[in-house]
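We just call them A, B, C and D in the order they show up, numbering each chain from 1.
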């Protein structure tokens, strides 16, 4: 991979090499014959389609020389024809813009050379790089009086079909999916998996019990996001489990909604739970009802319900935003048992301070497994734990190795751990 | 029939889930176009679903009015204010500049929402008073962190205790970052596992059906 | 005898204290609400003007406005709606006052339709108190739809992007805009932005191309996002939230809404800290015995 | 001052005070404000959905620009409405499958990117610094990096579900809980400012509306609300209903 940006460039390489060798010798002759130019022309200029993008971008690179200094800027020129009029698109001091500044990972860019200049030409409002059309570039080194010109090279920007920089992301997805699926399969065979306690979930029975004793309703909220949010999905699953208990005890359930589709899905979920609990007769279609999607009108109305109907228990599951405390504080004042579960990490402080029990982050996703004790779900938890253990190991070992790399003066560990970096 | 009712939705979820998971890795403009197209589709579906929501709301309040339940008068107010907004909005063609619809937005909706939003200031104070008690070590840590950050955030704090700003910044950037990262990594694994279960048809609660 | 009496008194005292403390712990929340109200209102009505340290990113905007020669054209884009008014409105007032004080020509506009009326009222009010003439000293162009496209079109031809100003006068006829044909004639642009379109849009579609200097203001929540842009010089300074506005007011030596607001901030923060201390005091005085689950 | 602004000031002030009266207790003023708020917000949402989505993103592109494929989301939307007819209500599942399938597919790689890789990347930093004068073993930055690593690791321990929290695991998980508590406390304290800003902004407007140029709406309406509340309290049986 020595100095190669990716596969996309390879086929045209030899041809271009040949072309610039020719140009180079010609220009060398030219420079030699006219003699005494203080500046060396930029050497080994090449242009290539930037890998892993949607097109509209071309990379340029050329060899740096020891004479590169801040007072001798490079100027980059572009043209649509090889012999056409060249337009300047950039100017920068000659001791800037090195290949080492590229943020891409090693599996795309190989070893980055500190003695190679790199410049990325992007399509913008002044320069439109049309995909699959060749553009011609040259780089000029100047010191104000004299200037030295590189050969002209060309490349076409192409939209790519796979962003290799995201390969690590894809591999993690595949590996983790496999782990989860295997863990589920394993749990089916061997359903007795230890699960630690989550106090908030023990309280679910207490909450339903209290509602039954006092004859007051249970209020359940599925959060502020729509159905495409994973927290909402988790909230609907937990609703199903709670509805089963509610159905068994014959307690009143109220589920106000901010999103009509979530409401419709929750109607199905609750109905199914009543059926599973053997109480389809007790199911009320209006248990799930829509209020409004407006962020603060919704809590205003829910607060009204809390004050007027005095629910025995309030559940807040799913994703929440600033309105969280508007929902939980009046609830706390009515003396209801409040159980929250959210992955909105920014709202956790408010749930912690105003609810009796709060499922923190991942516990929300784990809750359905706890409540149902179904091997399929419990197996997933096992898979999640394996994933956590893996990343925990990566972080600890990685930090140690990266530190060791500093001590030994080698960047090899740092480079290796790009495997766990995020690249666009 | 069971295919249409059960298997088709699960199959559809699988195909779409895999497609859109892979879409992320394809930088081609066509793939970006697919993503933006599907987000428009979601908006359109949500647009139709709005009818479902409004019907539910009107139904609840219609029942209250018909049965003359306590507070049925407020339900008529709700009906009226919704109707007026609808009529004004359609009459203004949805334009909010220099129109009655814009007036409703600025003087009714904004006034109400910013008031409701500002009530949080009261609740944050009452929640602090009620819960920030040194009941246990955890609770003590919680309240000390909160108090330190609060002091460091305002001019008076910096004025009285110099360096409180730095302390507050340090708490935010070091221990807070650490905890947030831990939470985020946990959430991500839980979330991905949920997605995987859905895509592979293991979790089907959203279809109103049980599990595999 | 005396000892017994003392002991009796002491137990009695403890009982009373216990009772009092637990009652205080169950303090009516409405008292807290009332305290918050009072502590917020008082500084707003009578600001006490606590010293505020001016951060470099605010100082830079101030210095840049100071450095502009009299009569230079400044563009103030108020890209927010009423929901961000508490934080961004005081900034608009302070910046406008500064510009008028320096006798700069100010062009006002907004990319947010819902902010048009509010933006207009800022301009007319501050202009009135500074004794500035509409059309000659400042121009308020109002709103044009299109976000980024508005900026691009202003860069090509201002009169085409805004054929008339907010009040319906032809922009080409406004004395103030005689010399201003495109964004290239603007020396400094400040976008007070609550989201998109806003500061980012002005940077990407305006500054990059038309070469004016760009400054910005934003809500406290979104400020961290813009700090990297200061480091890279993409914007020359930033007013972040109410605090940024208060710092600017400090530089202008005016006791404006933001300074009053910061006083109120200090007061409420310390009230909450005081409440936490008080509740812990009562808690240790014995309230914990009677406390219910929290 | 124009009439619409004047009326606006009175309406906005009145509605704000109605909502604030909720801090006293649930009362007719709040109920009025609440129901108006819900009604107006739903009406507003419908109008915006109609023009911004149904007209701009469906009607115009499909019927005027010929983007025929928008018939698919239209059908999916209509399938959601099949819920009104119990016999074919199950058809709505196809639409749900669409939304949930797309949503969970989109989520996976993006969650890996921003919630795993970016977080792991941010944690993976050398504990020592290399400079011109050789390696510096102990720096404040290095200490912070170590502290963050300890914090992330212990919080992850707390989240282990299938391991019994006893012994060493228990102790590490406890450290994790302390990190969580510091974080929650800090975030709480940090947010106070933003929330107070909103209150200040709101009060500021009420102060502005208290001016004579508007006809003192704040004073007049505040007096009316207070008198109204007193009369309402007198006229009903004593019961507790404060929030």
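FYI, a residue touches a chain if its C-beta (ideal position, glycine included) is under 8 Å from a C-beta of that chain, and two chains touch if they have at least 3 such contacts.
A quick note: this is a predicted structure, and the numbers were derived from the prediction, not measured.
Greatest Cα centroid separation from chain B: this falls to C.
Looking at B-C and A-D, the interface holding more C-beta pairs in contact is that of A-D. Taking each chain's centre as the average of its CA atoms, chain B and chain C sit 25 Å apart.
With centres set at the average Cα position, the gap from chain C to chain D is 21 Å. Centroid to centroid, with C-alpha atoms defining each point, chain B and chain D lie 5 Å apart. Among the residues of chain A, those in touch with two or more other chains are 166, 169-170, 173, 226-228, 230, 233, 260-261, 264-265, 267-268, 291-294, 296-297, 300, 308, 333, 348, 350, 352-353, 360-362, 366, 384, 388, 391. Looking at chain B, residues 21, 24-25, 42, 45-46, 49-54, 57, 71, 105-106, 109-110, 112-114, 116-117, 119-122, 124, 126, 128, 130-132, 142-143, 146-147, 150, 153-154, 180, 183-187, 189, 191-192, 194-196, 198, 206-208 sit in touch with two or more other chains.
Counting only residues that touch two or more partner chains, chain D has 19, 22-23, 31, 33-34, 37-38, 41-42, 44-45, 80, 83, 93, 95-96, 99-100, 102, 104, 106-109, 111-113, 116, 120, 123, 149, 152-153, 156, 159, 180, 184-185, 187-188, 191-193, 196, 198-199, 201-203, 242-243.
Interface residues of chain A facing chain B in the complex, by the touch rule stated above, are 52-55, 159-163, 166, 169-170, 173, 176-177, 180-181, 184, 226-228, 230-231, 233-234, 236-237, 240, 257, 259-261, 263-265, 267-269, 271-272, 276, 286, 288-297, 299-300, 308, 322, 325-326, 329, 332, 343, 345, 348, 350, 352-354, 360-362, 364-366, 368, 374, 376-377, 380, 383-384, 387-388, 391.
Chain B meets chain A in the complex at residues 21, 24-32, 42, 45-46, 49-54, 56-57, 59-60, 63, 71, 109, 112-113, 116-117, 119-120, 123-124, 126-128, 130-132, 142, 180, 183-187, 189-198, 200, 202-203, 205-212. Residues 166, 168-170, 172-173, 193-196, 226-230, 233, 260-261, 264-265, 267-268, 291-294, 296-297, 300-301, 303-304, 307-308, 330, 333-334, 346, 348-350, 352-353, 360-363, 366, 381-382, 384-385, 388-389, 391-392, 394-396, 398-399, 402-403, 405-407, 409, 417, 420-422 of chain A are the ones that touch chain D when the two sit in their complex. By the touch criterion stated above, chain D contacts chain A in their complex at residues 19, 22, 25-26, 30-31, 33-34, 37-38, 41-42, 44-45, 80, 83, 92-93, 95-96, 99-100, 102-104, 106-109, 111-114, 116-118, 120-121, 123-130, 135, 145, 149, 152-153, 156-157, 159-165, 180, 184-185, 187-188, 191, 241-243.
The touching residues of chain C, counted against chain D in their complex, run 28-30, 33, 36, 40-41, 44-45, 85-87, 89, 220-221, 241-242, 257, 261, 264-265, 268-269, 272.
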